[in-house]
Amino acid sequence: MDTGLQLLIESLLLGGFYSFMAVGFALIWGVLNILNLAYGSYIILGAYLSLFLFRYAGLDPILSIPVSFATGFLFGILVQKLIFNRAMKLEPFMVLIISFGLDVLISNALNLLFKADVRSINVSYGGDSFLLGEVIISKVKLLVFVLSLLLTFALYLFLNRTWTGKAIRAVALDRDGAMLVGINPSQIFLITAGLGTAISFSSGNLYGILQGFTPFDGGLLTVKVFLISILGGLGRIESAVAGGFLLAFIEIFSSFYMGEGWKLFVALAVMVGVLIFRPRGLLGSKYYGEAQ
Amino acid sequence: MEKLSKLVLVLTLLMYPLPLILSGYWERVLASVFMLTSLTYAQNVLLGYTGYPAFGAIAFFGVGGYATAILMIKAGLPFGVALIVGGLVASLLAFAIAPALMRLKSHYFAITTLALQIALAELFANLDITGGAYGINLPIYRGFLGTQIFYHIFLSILLGSFLVNLFIEKSRFGYALKAIREDEIAAESSGVNTVLFKSVAFGIMAFITGLVGGTYAYWITYIDPESMFDPLLSVKMFVALLFGGVGTVAGPFIGAFSLELVSELVWSKFVELHGVVLGVIILLVILLLPGGVLKSRSG
Amino acid sequence: MSLLVAQEIYKSFGGNKVLQGVSLEVSQGETLGIVGPNGSGKTTLINVLSGVIKPDSGVVVFGGRDITHWRPHRRAKLGIGRTYQITRLFANLTAIENVMIPLHYGSRQEASQERIEEILQMVGLSHKKENYASDLSLAQRKRLELARALALNPKLLLLDEVFAGLNPVAVQEIVSLIQELKNKLGITIVIVEHVLKALSQLADRVVVLAEGRLIFEGKYEDMVKDKEVIKAYLGERYGASA
């Protein structure tokens, strides 16, 4: 069996999910200039929500994606109105601390409700896999991959084809300019916060069928979406996708060849390299430190 | 010296003989209060006076702690020497990376230091010399002072870091930092070598933070990447600083004492709610009191 | 003898070619005026001279020394002081402290209370010495910036639109102040200015910058008659209304 090929396929499958997971974070960062450290916990919230629906309503986590999306959208708008709208008037790094406080709050609240045990959503098709040539492909991973790509593509269409989407991109590129052409930024901020949070919640459904989770897994996920945004760059969906695949390749290959424990360190080291040699990321249209 | 600073100094000195009458529980609580206060003073040098929020400053806590532990275990150095060298290692590392790192500002700087913290935690979880994910066991202190020794070391670091802040508030050196905080370009045009001074400020912050980390390591006698690179500690010192008042000499003292005592009281009564309450405190402090109780201008 | 020489300065921001081979010389004791339409690169040129930005190519020589690669703080110590078009004061420090910092770090002089007061007196801010910079009016902030530059004990002052936004009375007061600096202290001055009346009173010689190139050099009286200069300004006006 060709290990390299197997690893490559694994990276692709994981990369698709990573892209979708990170795209909400990158959107919020790019448009609102908020590095939301609670984003990982949002994903975990989505995972618990879909677990809840699975357990008590018998709803398959794939089918409950729209529920997560809608809940996330409302949640995002609520948090934006209650917290971030006020926080955005402060120094940007105060917003960073606030979002960390939110992360502490969410993860500990989940811990109160569900305890720290590892939960998983055991869908009936969970364990299946098939052989494609010499490569083993897990059905769940393939399903998650396809759904992630579809959802990311839908977002791409939304941002590029609809008026609201174009307005969001305009605000991301140039707040003042967008105001001049009659776009109301505070409305766009709300929509973007809702959309970004909706994406995080929905990716929680997918995360929940890929692997087990605990209330405190959000921190690591936040690190991952941050890495993806730096690796890929900001400002376009394609950037998050490139970053997502790159992170997946780094993780899969370094854990196979160096050991599981090294994968995050290698990813962080690559990130430092990117920061030094390509500060806009692989495909970024906006330098991440630009707004000085 | 203004009134509040004097009060802080007097209170600090008065706390030296306290262990004679304190229970073991309160001795430990106060030791952890002193620890947070020292960390907050360290951040005040950097954020309060120089204007750089090192959100991942706990990286240097970890470096100081690990360096102290390794020097004691592997090199057989006595604790005091290992501690000082550990602090120096942390501050040299900081000084070396400062010129590149401090080209970033505000939350970009903050998040990059946080990335550094996570990267170091990962690195230390994989190296042999740091004991990998299992960490390092330190010897237990059996000297004549017993557990009081940690109370006194933390209190002394607190006193030292308070004096550093007082010095910065009043001195020529401090004005270079304040000029950088106010406007870095204008500081340069006024003859301030900004790269040098902000690197020194970063190094001072790392030195104090490293000393606290080294003492903490010896105190808890067992360290691993999780306990030495805990992001919760980072956020606690920032909340304490923001609550007390950024860029004031008394602010860190007020902020850290209130935060740590409150969280200790909550902790002992409702262990389960602790995290939730901490999260709420963070949100409330920043949303309701973004300037802190004390204002830097009054100083 | 030339105190300051800039040779063939080029600077682009992305694709925006802001300075395209600017050369100029300023003699000891001279006051040189720089005028030009908005966006013609005047501030960028001041930034290059004071070291705030690095030119893509070209050389800056001060007092016979090549300082092209010097950081601003070294130039300040050498005696190059400047003000900013949009003031950059130390907002949360007092007027006294704003002056004390360049005295300490830039001029190698003792930052005595008397010296600080003397400088504040010179710019007419004695009565505001304990005020925070951010609490001052625009005119006062401009004076304080001037004081801060003077605290360097400068040989050369680079002034970027000190008169912008001031009323005629304040303009006239600061004009007199600058004349005094020039005549009593013999400071060499490069002054970027839109307020032409002030310029006509101060400048010994004027250069005109348009689209990153010098298109005129000579006496103020000749400048206002120059065809190229008129075209540059009119062109700008038509461009703006289009």
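Chains: A, B and C, in written order; residue numbering restarts at 1 for each.
We take it that a contact is a pair of C-beta atoms (placed from the backbone, for glycine too) under 8 Å apart; a residue touches a chain by one contact, two chains touch by 3 or more.
Everything quoted here is computed from the prediction, not taken from an experiment.
Trainee: Report the topology of the inter-chain touch graph, choosing from line, ring, star, complete and other.
Mentor: Topology of touching chains reads as a line.
Trainee: Which one of the chains is closest to the middle, using the mean of its C-alpha atoms?
Mentor: Checking distances from each chain centre to the full centroid gives B.
Trainee: What is the distance in Å between the mean C-alpha positions of chain A and chain B?
Mentor: 32
Trainee: With chain centres defined as C-alpha means, what is the inter-centre distance between chain B and chain C in Å?
Mentor: About 43 Å, centre to centre.
Trainee: Averaging only over C-alpha atoms, locate the centres of chain A and chain C and give their separation in whole Å.
Mentor: Roughly 49 Å, centre to centre.
Trainee: Which chain B residues reach two or more other chains?
Mentor: Residues: none.
Trainee: Name, in rising order, each residue of chain A that touches chain B in their complex.
Mentor: Touch list, chain A to chain B: 35, 83, 86-87, 90-98, 100-109, 111-112, 219, 223, 226, 259, 261-262, 264-265, 268-269, 271-272, 275-276, 288-289, 292.
Trainee: Looking at the complex, which residues from chain B come into contact with chain C?
Mentor: For this pair, the touching residues of chain B are 172, 175-176, 178-179, 182-183, 185-195, 296-297.
Trainee: Inside the complex, what are the residues of chain B that reach chain A?
Mentor: 53, 55, 100, 103-112, 115, 118-119, 122-123, 125-126, 132-133, 231-232, 235, 238-239, 242, 272-276, 278-283, 286-287, 290
Trainee: Taking the complex as given, what residues does chain C use to touch chain B?
Mentor: It is residues 50-52, 71-73, 76-77, 81-82, 84, 88-93, 97, 100-102, 104-107, 132, 148-149, 151-152 of chain C that touch chain B.
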